[in-house]
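Given below, in the form of structure tokens, are the structures.
Two complexes, one shared chain (chain A), two partners (chain B, chain C).
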Partner chain A sequence: MILDYILRRLGLLLFMLLMLSIFTFSLAYLFPGDPLSNLSGVPSNNFSQNTQLEDKYLYNSNYFTQYIAFLGRVFQGDWGLSFASGDNVFSHILDLLPATLELSVYALIVSIFIGVPAGILGSAYYNRWPDKLINSTTIVGYSMPVFWLALLLIMIFSLKLGWFPMSGRMGLLYEIPPTTGFMLIDIALAGFPYKGMAFTDALHHLTLPTIVLAMYPTTVLVRFTRESMLKIMDQNFIKTARAKGLNRRQLILHHALRNALLPVIKKIGLQFSTLITLAMITEVIFSWPGIGRWLIDSIYQRDFPAIQGGLMAVSLFVILATIVTELLYSLFDPLSRNQAHGKV
Partner chain B sequence: MHKFLLTLLAVTLVGCLDSEERVIEEKSQGLVYCAEANPVSFNPQVTTTGSTIDIIANQLYDRLISIDPVTAEFQSELATDWKVSKDGKSVTFTLRQNVPFHTTAYFTPTRTFNADDVIFTFSRLFDVYNPYHFVGDASYPYFQSVGVDQLIRKIVRVSDYQVRFELFNAESSFLANMATDFAVVLSAEYAMKRKAAEQEGLFDQYPVGTGPYIYREYRRDNLVRFYRNPDYWKHDVALDQLVYDITPNGTARIAKLLTKECDLAAHPSSAQLSILAQREDINIEKETNLNVGYWAFNTERPPFDDIRVRKALAHAIDTDKIMQAVYYGNGTRAESMLPPTSWAFDAQTSMPLFDPDLAKSLLAEAGLKGGFDMNIWAMPVSRIYNPNARKMAELMQSDLRKIGVNVNIVEYEWNTFIQRIGEHRHDSVLLGWAADTPDPDNFFSPLLSCSATFSGKNPANWCNPKFDLLLAQALDTTDILMRKKYYADVQSLIMDELPLLPIAHGLRFQASSADVEGITLGPFGAISLANARKK
Partner chain C sequence: MAKFKVFSEESNKSPLARFWRKFKNNHPALVGLWVFIAFALLAASAPFLAPYGVNQQHSDALLIPPSWHEMGDVRFILGTDDLGRDVLSRLMNGATYTFGLSVVAALLTTIIGVLVGTFAGISRGIRSSFLNHLLDITLSIPSLLLAIIIIAVLGPGLMNTVWAIILALLPQFIHSIRNLIVEELSKDYITAFKLDGASNWHIISRGIFPNIYEHIVVIFTMALSTAILDISALGFLKLGAQPPTTEWGAILAENLGLIYLAPWTVALPGVLLFLAVLSTNLVGDGLRQVLKERKAD
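Let's turn to the complex of A and B:
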């Protein structure tokens, strides 16, 4: 049963990847300029170089053969060269993706730790002042554009009060060897150099971007958890439990919470795609050296191989994250496996 | 669980309290400079991009000689003495002894600086037998545009510490060109080591010089890190570390200066200077500078090959408005190609005045009564000579619309921009030039000569034999009055032909944190941080 479900999901994953790769491949032809240099990242200059490239990219064969060759290169990590830097796009992505992931993961953790309890609190005090307070705060947070919030926080906490820095992952004078690409882990691996100051500095740099990025998913989680709790609390088994004389604390902790949190888990996974989109904006504003800022710079520089590779990497990542949370969710909730068709 | 949360809270609070101490310790070890663009190379020979030269030239390298910014006389650097022969065709340099090259992760020198390094460095420019001549497509834009590569006949090793440059003809600007930021000395031993490992391509990316700082790492779009050179021959270097924070956005550079993330910000925008001047913790330095901001036409591309069209466009621009809105009064309106502080300056009476009606009639004369479409390429970064090219382009766009010319503004990332201008893909471009030497030739040969067209440095794509002849005549003589006369002719020829329209000369600004000292801003050349230190 579960195997069947997993196979169905994998089938869906494969189909999505196929569509994604076809789309990415066709971008080389859709972008302005020479498709060959869009694919390879080598500006077409001289004849001999061109013939060499045409051979490598099977440029004179039909589109299908070219597509298969493209897939082969994708798996080999040969994603073409960036126009701007002349380096392999894939190595850029490997360098930059961890920074984006780090920021997104921390933001997600923050939003779970704040959003879920706040949602529970809201439902427990339904229509009383804590609920109303949480509700109105959520609406403010929900309707605030990310870039505006970011600029506001920079204005107040960086420029006015000077509490937090406004750019980058850490003070540039600290030199941390990039082992994993995750800053906090790298600092820990380097053995907390500079008397641990590098670590606190990295935390300082993380604070504002994390708050900004966590804002939207937090509000979504608050609202969703609250709704879900209220729905559960209305059901008969809760009424029965209440009739048996359980107090509110017991009711919520032992009966309602487990059931209410199941859909929330699914929602958390779905937040990842929104999070990556918002991360791009956050990265640009906070000069965070991640994949989003790079992608936007690449668009500005008309760096087509980089745009192609960046889009592929980001979409690939979002698709994988969604499928993984779906699978996790199905492990927790056997009922969901009965769906006949895939759904994303 | 509660205990855990409390601990977490405590740790965070301690972190906040820590910050004061952190700042103090961090500041003592280094300086952060917010630079406006990625360096395109780590060898000044192969680029003329000012943003790159500012980062690398004076920090990693030394030259044989330099020019004193005040007296404009030559000073000794790696050469202790130099003698020019009577006929001016040979120059002998006596070299400084015991100058060590950098010891880096990728190279350990076994000998100190000597004549071989000088011969290797400069023969690379012209000698096809130099193993590095063709590395990087044999492109040495500055030297090729001023013709130094055509000038040197050979370089003779007189002894370990003496070299003689033999020239084809005496040229008055030779020593001045040897004193530019591009004429740095590279290590021959390091070059041979790279060649032995067949890694010639890495030679210009991983630098070894004799300068006050040593290359450590470069992360694109992020930072460049240099360490102190403990064995610097000239003096002790106060900073342990020098980091360039790559921040293309001008406002972000100022903001980082305010939050103390940078100690120095390159090219603060004139619009923000008044705010910065009110702060006590920030110093603003202001220095007149030899530069010119201009609007160049691609003269090979119709309709800009027609002088009447170029004149019409020049008459359509309201320069007064530009001076107010772009330079905020911190610039001088151009009266010639040369800035008024240059000794060869000659104010031009034929400078095109704002006259839309004349512009329209000139266009009609050229058969373009109905107007046309064109593009203006605007630099994406602010430079001394043009603090905000985008805004300038927008002002020009609205001016030109009135004479029926539709303007499309084109922007690229700075290094891509420079590269594409070199390929002459533009109709017209807003660019400029900041001088490397006080010699007036520096404004003409690198920009508008025929050889500059071929090396891709001539933004007007303009090659005029009469112009080149005048430049050659001016260089052939050392008589200052004769040179002045030739350069006056050169300046009026530019106004007659108008391959480009000089717009303004900007002031050089540097914004720094008040605790930074020892930064020297000169009227020409790149910034030097050799003496920089923190109070």
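Let's turn to the complex of A and C:
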């Protein structure tokens, strides 16, 4: 049965990838300018070059053949050239995506470690002052525009107090060979060079962007965990347990928590899409060399191949993350496997 | 939570009256509602209320701090920017763009979302499966990225931003409406209605809508707060409203270079944005709370 479920999910994944690739392909025609140069990233200059490109991209055959050729190129890693730099878009993405992932993953970890316990606390003290405090803090955090929060933190912690640097991933003094693209892992792999000072410097650079990025998912998780706990605490098996004479601590830790945290796992998976959105703005403000800032720059420069490639990479990542968390969720919760087809 | 009432007095008020009664008791939500109404009025009447024109420059009064500051001038209550434009007038007019356009965007999203969501909710079989998977895929593209791509197709500008935001908000909206409809469809009273021979149109208009329109309002507030955040974020990234326009995010981005010299030109639009989103969220939270409480009694 679990195998059946996994197969069904894989089918869904394939369908989503198909739609995504069709959408990306059609963007070349939707964007302003010549579709051929939007696909290839080579501005049309002379006739011979044009005919060469037309041959390579099968530009004169029907859309379906062109799409198949497009798929082939996607798998070969030939995602066209960037208008701005003239380099292969795919190699850009390989360079930039880890920086964004690093930031988002740390922010997600922070938000899980703060959000879930805060939500549990809120539900344990339902309608008393800890709950009210947590509730009002979350609604303030929830309503804060992310760019304004980033500017406020920069104003206070970077300009006034000078505790944290305001831009970049790493001080210019240090040079770390990029092996995985994840800064902290790279430093660890290089054996903590510069007596560990590079590591602390990287942590310093990470602090403010991580806080800014973690704000929204944290508030979402607090609210969701609290709701989920309250829903469980209202059910009959909890009342039975209470009637048996268990105290509140036992009730929450042994009975309510396990059931309440299941939907939270699913919710965490859904956060990736929001996280990437917010990461784009955060990266622009903190000059973080990630894919979000690159995408925004690509818009300013009308770099259409880069936008297409970025869209494909980012959505691919979000889709994979969603599917993986859903699979995890169904591993933990047998009830969820019994869903009918096409239910969301 | 007590499941019985001590006083056996029966309350036969209409659902809406009970709704308002409960909402009134939630003070933060009530304050949020007043602020929300104030923003709506401001958005509608800003050009008549504002003391100065949006682009009127006072060359004798550059970078004057707010009037409570000792260097301030009472003619310009919230100070002026580097071109000598009155910050208060600009911010008031900004309400029309940021708040007013967000309301328009959220309303349009609601209309389209309810139509498509209802269709998705009542359709069965392969059509429903296809629609849902299509929703899944659009949900997996981050909303700002989707908006940015739409802007790349249409070109930057305020109206294009509104379209982009509507399209980016829609998948989530349709998804929520569809879930509401599917949940309602599985209830017994709808089955009974169906057995009585009600057509699809009857089931939707007489059976389901009277029961979910309050939930639609809640979803609307969520869409509105996202719309405000997205419009201002796009303005801030210089992809939405372009600088002479007084959209709050655009004002913020325009004055970013003055952050040392004139922090109020950066802080004030942010405060207004925060208040607008906060009031919307407070109202939405209050509504949701009331719906839950009314269901309980």
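We adopt the following convention: the second predicted complex is superposed on the first by the 341 of 344 C-alpha atoms of A that agree within 3 Å, B and C clash if a C-alpha of one lies under 4 Å from a C-alpha of the other, contacts with A are read in each partner's own complex, and residues count from 1 in each chain.
FYI, a contact is a pair of C-beta atoms (placed from the backbone, for glycine too) under 8 Å apart; a residue touches a chain by one contact, two chains touch by 3 or more.
Note that the structure is predicted; figures quoted are calculated from it, not measured.
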Fit or clash - chain C, chain B, common chain A: fit
Touched partner set for A:Ser143, first chain B, second chain C, both or neither: second
Touched partner set for A:Leu58, first chain B, second chain C, both or neither: neither
Touched partner set for A:Ser273, first chain B, second chain C, both or neither: second
Touched partner set for A:Ala241, first chain B, second chain C, both or neither: neither
Broader residue contact with chain A after superposition on the shared chain, chain B or chain C: C
Once both complexes are placed on the shared chain, angle at chain A toward chain B and chain C, C-alpha, multiple of 10 degrees: 90
Partner chain(s) touched by A:Met16 [first = chain B, second = chain C, both, neither]: second
First, second, both or neither for A:Pro32, with chain B first and chain C second: second
Which of chain B and chain C A:Thr322 touches, first, second, both or neither: second
Touching partner for A:Leu311 - first (chain B), second (chain C), both, neither: second
Least C-alpha distance (whole Å) that remains between chain C and chain B when both complexes are overlaid: 5
Residues on chain A lying within both footprints (that of chain B and that of chain C): 159, 300, 302
Of all residues in chain C, those that touch chain A in their complex: 1, 28, 128-129, 132-137, 139-145, 148-149, 151-153, 155, 175, 179, 225, 229, 232-233, 236-239, 249, 252, 256, 259-260, 263, 266, 270, 273-274, 277-278, 280-282, 285
Chain A residues touching chain C - in the complex, by the definition given at the top: 12, 15-16, 19-20, 23, 27, 30-32, 136, 139-140, 142-148, 151-152, 155, 159, 234, 273-274, 276-277, 280-281, 284, 295-296, 299-300, 302, 304, 307, 310-311, 314-315, 318-319, 322, 341-344
Residue numbers on chain A that touch chain B, as the complex places them: 83-85, 87, 154, 158-159, 162-163, 165-168, 171-175, 194, 197, 200-201, 203-204, 287, 289, 293-294, 297, 300-302
Of all residues in chain B, those that touch chain A in their complex: 12, 15-16, 18-19, 21-22, 25-26, 29-30, 32, 216-217, 219-223, 225, 241, 243, 245, 247, 252, 255-256, 258-261, 412-413, 415-416
